[in-house]
């Protein structure tokens, strides 16, 4: 399921694809048992970094994909044909984050981990 | 009989510099274009004949290899130059620009796919071919306009020729939107930057926006020229048959909608009376009869616009001499 | 000297850390930074599911700890022991207490409060363009130093503990394999982990067997450079293959033995009074004097040397890179910053303490002058009691800990060439050399070659000191940034400013001392003759000219670090003054929320 | 040619490509008419923006969808502009429905508008219409009259480009999803739940495209014709086109020579000088065609003494075209 948000809810988006509509594990508001906490701690040590990389790689691919399909939205004349319009409806919620991701000035300290 | 009669028309509009020929495929556009150019050359004016056809029509016509070689002197006649553009080069420039830009976008990205494949695909997009043609045409107009007295363009088949010119308008809409998007994108970039001053500088020098603006400006100039009846004339070529006439008619209405001035209609392949009379097979007789019907139709529908009649020749028109003959008939031939 | 159990170190350390966390850290957190649980953090504001992603604090705590716990806290303490265990002990305790945690904490907190920006952009905004560039240059040298010193340690370890060669390679292969299973074959994480770890067990067994058979004896007579090359080749692949294919899964598989090792050492130290009773023949007692000297002929004076020698266990600039690049962007609530960043630094302190415990239990007679080589021996002594005494367990444990140390080094090393490449490309900007660094094969290759050149000098001790100096200096500069931030926000800044100034002064002094050591070597030819270093060997062999050239390179390196550090310090100091002036006037305060 | 259709019952498409003005549309119409007598539901489809089918059949069919001309004979001449406008609206509506909003965000709306003016849109729309027709399986046979530009086969190469394009997109998407799923697996969240609607759409498009491309490049199902006249330019042009065909793995089914004056005329005493010269020239080029393209020629259509228009005339063309005696020139 894709959370369909549009308009000013700028930043959700890519996230929705990525998470498949699952709720954020926003644990700061959630009470968790000791067992869960230990499990989380181990997950954090062992896998969080790897999972993050996997997702980050995914983000780059998403961005590339959007760039190729909707590049002229940014004034890059890739001249995508007819079919990018077909894909447009699905991309709508992602557009803002995508733009932010592409245009955010980053320096290498942003790209390290 | 008509105000458009080629010689009169040219004399009345001495400043026309750009001629375009258009019409249904196979009616003799290339030859007509060559004849126009050769006419001016014989008047001592410097003429350039430019082919935007993807096929080597000029090379074939003059028996001289000009494909992709830039502007060439056409041998056997003074004051005449020809150019047969290979838009592949233009497209490869597009490709380079595009790939540079995509790469710079992905500066920090560690991605497991090779983006160059996308770039290749993006530039094989057919739209590139069309914009490249239009680009080339405007380039020739703007760059060489001053060095020649007359430039005659031989465009591709009808519909594409018209679209090519129509493009100046469509393209404009599209370009404007593109420029706007680019500006939006750049301001977003500034907003999201930490080195704001620096990024602002970079943004000001943004090559892509500069390209787009340049393109837009070029486009504007081209449009201005194209819709200026004192500088541009569009000559349609037809033959006395239903389809080509219908096409020219449609074409003229479209061109007028784009504010492009019409510079007359050439009626090509008119069977000369003596040829019909000397022949008693049904072919010539029927054709001649049919032709007179169509000539009437042309009179009725295009009437005043007709600027020349050119006879049907027993053999194909080719070479400087053949075209000179065509040119001569274009000025003097009268089917009546 | 009354010999006592190293359990005391861990016990006392733990007690002080708990007090530190509950009283001091919490006080600073509440009264200076006043986290507000209702403020939306960047992780929420810019959530993209990847970089910005609100994550639970227990996960983040694990993530942060894993990312900061590397070779530093393990290798560092030994060098400090030339002064005796007491200064090292006190520095680990109080460094963490007053400097380490607040450094980690503030680097995360500032990121959280600056819309999720990292170190570079924050420096640019708060201090200026030159400071950011200076910092960037500084970090590049820092990365080169990390690479060269870790590469040297790797190579030296392969040679010193031949039984660790096979297991290390097996773990790397196992990591790549489990990566393939995970990504390509879409297999279960548990299965992939079991395969990876299974390979490790086989590797350890094979390594020990080969070692016991004497089949690896030839290794000890090969030059160390050969093994540095082996290590760097492994690293080069890790750095150039897709991160998800190699570096990350290797990191993942290596995590398990590394984590087990930490647990074992801490447990071993705590349980040592008990286990020693079981095996009285193998004593687990502190063998080092509390205070030996304040000035060591080879190493130099206690201040500043001790403070840079123990790099990551007390305070480390590395952590601010982790904190601002990764952790700060995932914090779900401001109140999580203290447990995540502060908490993991206290745990890191404990890790350093346990490493120190491992060094101090070795009998002085068997201490190897190449200090870091002692870790597996010490760790084996600490833990052998739990596995049946030295006779049996010692062999396996030494192999295991040697492998763990290799893995610590290699997993960090695998990240370095990429960091180096990114930093160099950023600094190169649009200049002609930039494309070289953009290309990962070339960029990483350049970094690795430079690192090899330095590692091959064999001047590992100096490299370590320069690494420690630049690492702590980076921490000092990060603390300066925090101070600027606090002044701007009209908050008390002593908690960060005093540690910042202390660290910067100490590190600059250490860098100057290192410069002096090499200048002294030039002045007194005999000083080259220190054993084990390339410079010494060259000089001894009569190749004075290359030895002099190399010495000059080291002088230049230390001076560059010194100057860059000074430059950034001066800029941040000026920014601090500026901000405090502005804060006094009623200028708008830039607190982003 | 007629036996070719009897021997290949699987044929579904005939494509007429080549330069304009040589009688492509006439030949398409003729073939369609002939087939409509043998098969069920034959569609003659013009992608030529010159809209000449209307002229040939003397009936305005432009932009009117499928028009029934005769039993089993349907004609369609699409109005690309109209189609594009409809498509734009469709996309807008889809967005409105998907997100339950009444008005599209400005930037999205503008983007859709601008895309309509995008230079390749016409061609893509035409192409999509063709692929759609084939996929719908509504007609048993399709005769496509290609536009003259780039020999009309650019549209075929576009099939390939689009196919590769979609394939690449799909690859990226899939890879992205793989990474996502691996991550979810690590996070112990439901894996595989990811139903990527975008990917689904892409796959749909790709299915349609590869279906089309498969048919087009399968000489059991698609016949490719080029129409040529005995003139130098036309021959050169056809040779060039043949090379392009080869590059695209397309097997040319046949070359139809059009507008040939019967050679017998030369025997006639009353033949005028003019026509004699013309016929002699044609014969010269007929020989050249025989040498260069001989093995491809599948029909010779004579010059008619009037313009071939209207059902009756087309029927006549069809009869000649389909029942060629196999001789290019008299021996």
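The first chain written gets the first letter, and so on, giving A, B, C and D; residue counts start at 1 in each chain.
As a working rule, contacts are C-beta pairs under 8 Å (C-beta built on N, C-alpha and C of every residue); 3 or more make two chains touch, one makes a residue touch a chain.
Fair warning: this is a prediction, and the values are worked out from it, not measured in the lab.
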- Query: Where the centre of all protein Cα atoms falls, which chain's Cα centre is nearest to that point?
  - Reply: A
- Item | Whole-Å gap between the CA centroids of chain C and chain D | 67
- Measure off the straight-line distance from the CA centroid of chain A to the CA centroid of chain B, and report it in whole Å. 47
- Query: How far is the middle of chain B from the middle of chain D, if each middle is the mean of its Cα atoms, in Å?
  - Reply: 25
- Item | Multi-partner residues of chain D (at least 2 other chains) | 107, 111, 114, 118-120, 124, 165, 172, 175, 179, 182, 186
- Query: What parts of chain B, by residue number, touch at least two of the other chains?
  - Reply: 108, 110, 112-113, 118, 125-127, 131, 178, 180-181, 184, 194-195
- Query: Mind pulling the chain C residues that touch 2 or more other chains?
  - Reply: 117, 120-121, 124, 183, 189, 242-244, 422, 425
- Task: Considering only which chains touch which, label the overall pattern as line, ring, star, complete or other.
- Result: complete
- Mind listing the chain C positions that touch chain A in their complex? 37, 45-67, 117-121, 124, 132, 136, 183, 189, 242-244, 248-249, 251-252, 255-256, 259, 321-322, 324-326, 332-333, 335-336, 419, 422-423, 425-426
- Of chain A, residues touching chain D in the complex: 1-2, 4-7, 17-18, 20, 22, 25, 43, 47, 50-52, 54-55, 57-58, 61-62, 64-65, 68-70, 72-73, 79, 81-93, 95
- Message: Help me check something: in the complex, which residues belonging to chain C touch chain D?
- Response: 182-183, 186, 188-189, 244
- Query: What part of chain D is in contact with chain C in the complex they form?
  - Reply: 178-179, 181-182, 185-186
- Item | Complex interface listing, chain D residues touching chain B | 19-22, 25, 48-52, 55-56, 107, 110-111, 113-114, 117-120, 122-124, 147-150, 154, 158, 161, 164-165, 168, 171-172, 175, 229, 231-233, 236-237, 240, 261, 265, 268, 270-278, 281, 303, 305-307, 309
